[in-house]
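Letters A, B, C and D mark the chains as written, and numbering starts fresh at 1 in each.
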Amino acid sequence: MAKPFRETLKTKGFIVTAEAAPVKGSNMSKPIENIELLKDKVDALNVTDNQSSVMRYPSLGTCLLIKERGGEAVLQITCRDRNRLAIQGDLLFAWSRGIGNVLCLTGDSIDVGDHKEAKPVFDLDSVQLIHLVHTLNSGKDMAGNDLDGGIDFCIGTTATPSADPLEPQLVKVGKKLEAGVSFIQTQAVYELDELKRFVEFVRKKDAKVKVLAGIVPAIGAKMAEYMNENVPGIFVPQYIIDELAQAPKGKGVSKGIEIAARMIRQVKEEKICDGVHIMFIGREEKVPEILKSAGLL
Amino acid sequence: MEPRIGVFICDCGGSIKNIDFSLAGKKVAKSSNVAFVDLSSDLCLKEGKEKMSSSLRAKNIDRVVVAACSPESKRYVFQQVLEGAGLNGHLLSVVNIREQCSWAHGGDVTEKALQLIQMGVNRARLLKPIEKKEVPLNKEVLVVGGGFSGMSSAIQLSRLGLRTILLERESALGGRNRDLEDLYGLKTNSMIKGIEGDKNIEVFTSSEVVRVEGRVGDFTVKIRKGTEELSRVFGGIVFATGYETGGDSQFKSSAHITSPNGLAHMLQASNLARKPRTVGFVFDSSDENSRLPAMATLNTALAAKQKWGGEVYVFCKNVKVDGEGLESLYSEARECGVVFVKFEEKPNISAQDGRVKIEARDVLLGENTTLNCDLLVAEEKFSPSQGTGTLSSLLNVRTDSRGFYQDENVHLYPVASERKGIFFVGDCRGDSGPRRVVTDVSSVVTSLYELLGPGKIVVERDRVKVDPQKCRTCLTCVRACPHSAVGLTRIDNGREVAEIWDLACDGCGICTAICPAKAIEFEGYSDQQILAQIEAIGVS
Amino acid sequence: MIIAERKPMEEIKQVIAPYKKVLLAGCGTCVTVCWSGGEKEVGILASQLRLARGTEGKDHAILEATVERQCEKEMAEELRSKVAEVDAVLSLACGIGVQTMAEIFEEKPIFPALNTTFLGMPEKEGVWVEMCGACGDCFLDRTGSVCPIVRCAKGLLNGPCGGTRKGGKCEIDPQKDCAWVLIYRRLEKQGRLDLMQKYYPPKNFRAVKRPGKIQAIKA
Amino acid sequence: MAFCCEHSAYSAADLAGRLALHCPENLRVIPVPCAGRVDTLHILKAFEKGAAAVLVLGCEEGACHHLTGNTRAKERVKHSEVLLKEIGGNGRYVAMSNLSPNAPHKFVKIIDEMNEKIKKSGEVR
C-alpha cells in the first residue's frame, strides 16, 4: 500500500505527483494500465475533474480505481459542475471509500469545453471550497448540522505563478493559505524565476505549505502556441517555443520531455520548491521517461 | 388646410428636348394637391420669375415644385422668388429634369421626368416652413498657444477689433522660437513686445485649458491659471499648440551633435566661441507622411550656410518636397551651396579627434563618401504637443493617424475643425512650417472675423429638431454628432432630453438616421419626405 | 437598463407564419435606448417582414405601433384597438413587456421578437456591457463597485481564477477584462486593498425568492 | 434607386449630365445632405416599393464633409445586406460607393455596373 500523501508531504524531501486524466467513456483498460505503470513511481496520482470542461469519467471513480490498486489518489473537485450540496456529498463518499486527499479548484470556464451550452454552477469559489472541506473536517456540514461520522481530508489547491498581472492572483493565494492548505500545486510553469518569486511569497505566509511545481511538457512549437492561445493559465515563453521549433521532425515529444526533465532537475537541485506535479495529459505512459530523464527513477 | 402645390416646368431655353412638356404638364396637373401647372422656357430669367411670382399670388399657391435644371445651380434664385411672393423659401422642391434626366439619357424621357416631378410633388406636400432667427455671438476669442502662430493670430485678431485672450502653458510667450530673432524671417521678440502693448490682447501665461463647454459664439472655457481656476466665455477658439521634438532621437545631444532646433538656437547665439566650419546633417526620415523633419532640416541647413558660410552637407535617404514651399526651399538651399548626399544604407557615425565622422555610400555617385564635420545635426522625432490627446477628447475633435489635429479632409481643409468656431493653426496640424503658418493664420483670422465680427448671426431655426416627447434621452445623437451640436436640455417637467444647437449644427442628418426612437425631425430630409419620394417609384 | 437583441429571423418568421395580420409592438424605454425595440427597429423589422411575406392586403398585413413602456399595463393598454385588429402580436419589448402584454391581451398570442440579454450600460455608442445580475444581495461595497457576480465569467467572490489571460483579460475572451483585475486596480487606487484580502463566505443565492416579488411600504 | 450625398455624388451626377455621359434610365436619385442621413429603413422601404437595387453614394473615405457620415452609411448598408439575406435576398442588391463630386465617369460606371447586375439576376429569375 502506498503511503498516505499527508505523510509523504511531511517526510519526503522531493515530492513527485502525476496527473491522471479519466477517459471519455466507460472502458477502464487504459486508465488501469496507466495506474499500474505509475502508482509506484510517483507519490500520488492526481485525478482531474472534467478537465478543461470536457465531460469525462468522474474523478471520484478513477480515484477509487487507484485506491483499489494500491495507489495514492488525490481527488480534484472543481466548483463548476456541482453546487454546495453535491460537493459535500461527494466528499463524504470519497472519504468513506478511503480517499484522503482533495485538491480544491475553481475549474475552467464552461466556454472552453465541449458542452458550451451547459449552465455553469460556481455556487462556491475555490477559497470557499477549502473552507467547506475544513468545515466538514470539523464534523459539521455547511449549514451547521452535525455529521454522523466525520472526515479528515488533506487539502491542496492550485495557483498560477505566471499570471499577468500577478498581484490579484497572490491576493487570492493568500486567502487560500489563510483558509488552510497542506500543499499548492501550480499551474504549468516554464519560467523558474516566476516560480521562485511565487514560492517566496508562499513561504512568507505559511512556511509549512508544500509547493509542487506544475510541469506540462510542451511537445512542439505549434502545440505550445495552441496552449498559449487556448489553455487558461498557461504561458509558454517564446524561447521554449523556439527551442521546440528547432527540434528535428518527429522528435518534438522527446524534445518536450528533455526540456521538462531539465526543469525538474533544476527545481530539485536548486531546491526551488518541494516537488513537482507532472501533467502529461493523454501521454501518461511517457511519464516514467520524464522521471528517468530527470534522475528521479 | 390641404396644401396647394404649384408646379413650374421649364425647358431651360429649349435645351431640354427629349421631354414632351405639354403631356407632362397635363399628367402632373392630375396629381393630388397640384393646384397649378405652368410651362416655361425662361423661369430663372427676369420675365419668368415675375410671371412665377404673380402666379404664386394669383393662384394662392403655398408649396412650389420647380422642374428644371439642377437645384445646385438655381435653387437660390427660386427661393428668392418664393420669398418675394411672401412664401417661406423652404417650401420649394426643385426637380432636376435637366442634368439628371434629359441630358443623362438618350431617347424620350417624358415618363421618367413625370416620375421625378411626382417625387418632387410628394415631397413638397410635406414641406414645412423654416423660420430664421438671430443669435447673438460673443466676440471674444481664445487663442491657445503662445508660439509664432498663436501670437500672429492674436495680433491680427486684435487688429480687426476682436478681443483676444492668449493662453500659454509656459511662463513666457514665444514658444519654440523664443529667443529666435531674424532667423527665417521671424521677429519673435518684437512680436512679444507688440502683444504686451496691445490693449485688445490679454495674456495668460502658465495656463491651461481644463474644460470646454458650449458651442460657437458661446463657449464656456475653464482655464487653470497658475493655481487658480477661472471660467470665461468666448465666441471662438484657436488652437496653436505646436509640436514637440525629441523623445527617441538616436543621438544624445553633445557639443558636436545637435538637432535642427538646437542648431537654430546656436545660429541665433551671438556669443558662440567658434563657428563650426563644416556642418553635416543626417536626415533619415522614417515618417514619410510628415513634412516637418524635411522642413526643419532644409530651413536650418540653409540658415547655417547663409549665416556661417562654411560647408554644409545633408546626408539624406530621400527628401520629399511635396509640402507647400518645400521645393523652392530645397532649390534655394542647393543654389546657396548646400550639398546633398543620397544614401540608402544608414551612414556610419563615429567620433574622431573632437569631430564627427560620417561615412556613407553615395548611391548617385556609387562611391563611399566620408565627411569629418565640426557639428552633426541629427534628425529628431516630431510628435504632437504633450496634452494634444487629452485636448482633442476634451473638444471632441479628431486627430490624424500621427496624433496631430486635422486629418486631410478636403471639406475641412485647411484650418477649420469639425466644430464650428474651433480652429487649428500652425504646427499642431502636423505639416506646417513657417511659410504656411502665415497663410493659415490669415485664413483663421478672416474666418473668425466673418463669423464673430457682426456679433450676431442669422440661422435657420429648428431645421433639425428633437421631439422632446419622443426622445428617450439615450444619448445616441449626442455621441454620434460629428459636430458636437447636440446637448441635453431640461424640459418643462424636469426631464432631460436631447437638444440640437441650430448654430453648431451643420445639417448632416446623422442624428436623424440613428435615433432609435425616431424622435429627430430634419425638415427637408425628414423620414416622411424621403419615404414620400420613394413612394413615387413605379407610379406615374 | 435592460439590454436585448433581436431574435434570429428564422425564429421570428416561424412563429408568425400561421398569422395573417400581425402587429409589431415596440417599446419606448430600455429597448429603444439599446437599439433593439424602439420605433426605428419596429420599422425595420416590419419592412423586412413585408418583403419576406410578399404582397400585403386587407387581411394580410404587418402593423406597427410603439408605446412608452410595455411593462406598464396602463401604457400597454393604449395598443388595445390595434391588437384587436390583428391575429397575433410580435412584441419588441423585453421579456417583461411581452408578459405584461400577454396578461392584458389574454385572448391573443403575443410573441417575443427579442432575446432579453442582461442589465447593462452603454460603453460607447452602440456597445452595451453587462453590469448587474440582479442577485438581490449586492456585493459592490466590497469590490470597489465592480460586480464580480456578472463581470467575472465564473462569478467568483474571493479573487481571480487561475485562467486570467496576459494583461488582465478574461479566460474566456481576450477582448474582455478580468473583473478581479479591475477590482484589484480600483481598490489599489483607493488604498482599500484590505477589502480584497478579506475572505467572503459563499453567497446567499436565494436572496431573491423565486418568483421574486417586492411589496413596497404602503404610503 | 440611389441616395446621393449632395456634397459628392449628386454633383457628380449633374456633371455626368452636363458631359452627356448617359446612364440607365431606370435610375432614381434621392438627394441627401450626407450619406449618413440614409437609414436602414429607407433602404428597406425602397425595396418594399419595388426597387431592384439601392445604392448609397457618399464622399470618398476620409473626406466626408461630416467626418463619419460615409462610414456610418457603409455600416448601415452592410447591415441592410444582412437583413436582406435573412429574408432571402431574392435578387435585391444594396451597395455603398464612395466618389468625389468631380467624378462623373465613376458615377456612371457605378450605375452601369449595378444595372448589369440587376439585368443578369432578372434573366436568372
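By our rule, a residue touches a chain if its C-beta (ideal position, glycine included) is under 8 Å from a C-beta of that chain, and two chains touch if they have at least 3 such contacts.
Small disclaimer: the values here were computed from a predicted structure and weren't measured.
By number of C-beta pairs in contact, A-C leads over the other of A-C and B-C. For this pair, chain B with chain C, the centres built from the Cα atoms lie 42 Å apart. For this pair, chain C with chain D, the centres built from the Cα atoms lie 35 Å apart. Each chain gets one centre point, the mean of its Cα atoms, and the points for chain B and chain D are 27 Å apart. The residues of chain D that reach two or more other chains are 39, 41, 45, listed in rising order. Shared contact sites, meaning residues of chain B that touch two or more other chains, fall at 480. Of all possible chain pairs, those that touch are A-C, B-C, B-D, C-D.
Note for the complex: chain C touches chain B at residues 28-29, 32-35, 38-41, 43, 122, 124-126.
If you check the complex, the residues on chain D that touch chain B are 1, 6-7, 10-11, 13-18, 20-23, 25, 27-34, 36-39, 41-42, 45-46, 49-51, 59, 62-69, 72, 76.
Residues 153-168, 171-173, 178, 180-181, 183-184, 188, 193, 196-197, 199-202, 205 of chain C are the ones touching chain A in the complex.
Contacts from chain A toward chain C in the complex involve residues 79-80, 84, 105-109, 111-112, 120, 122-128, 131-132, 142, 158-160, 163-165, 167-169, 171-172, 174-175, 178-179, 187, 232-233, 235. Of all the residues in chain B, the ones that touch chain D in their complex are 70-72, 96, 98-106, 109, 112, 115-116, 119, 398, 407-411, 418, 480, 482-483, 506-510, 512-514, 522, 525, 527, 530-531, 533-535, 537-538.
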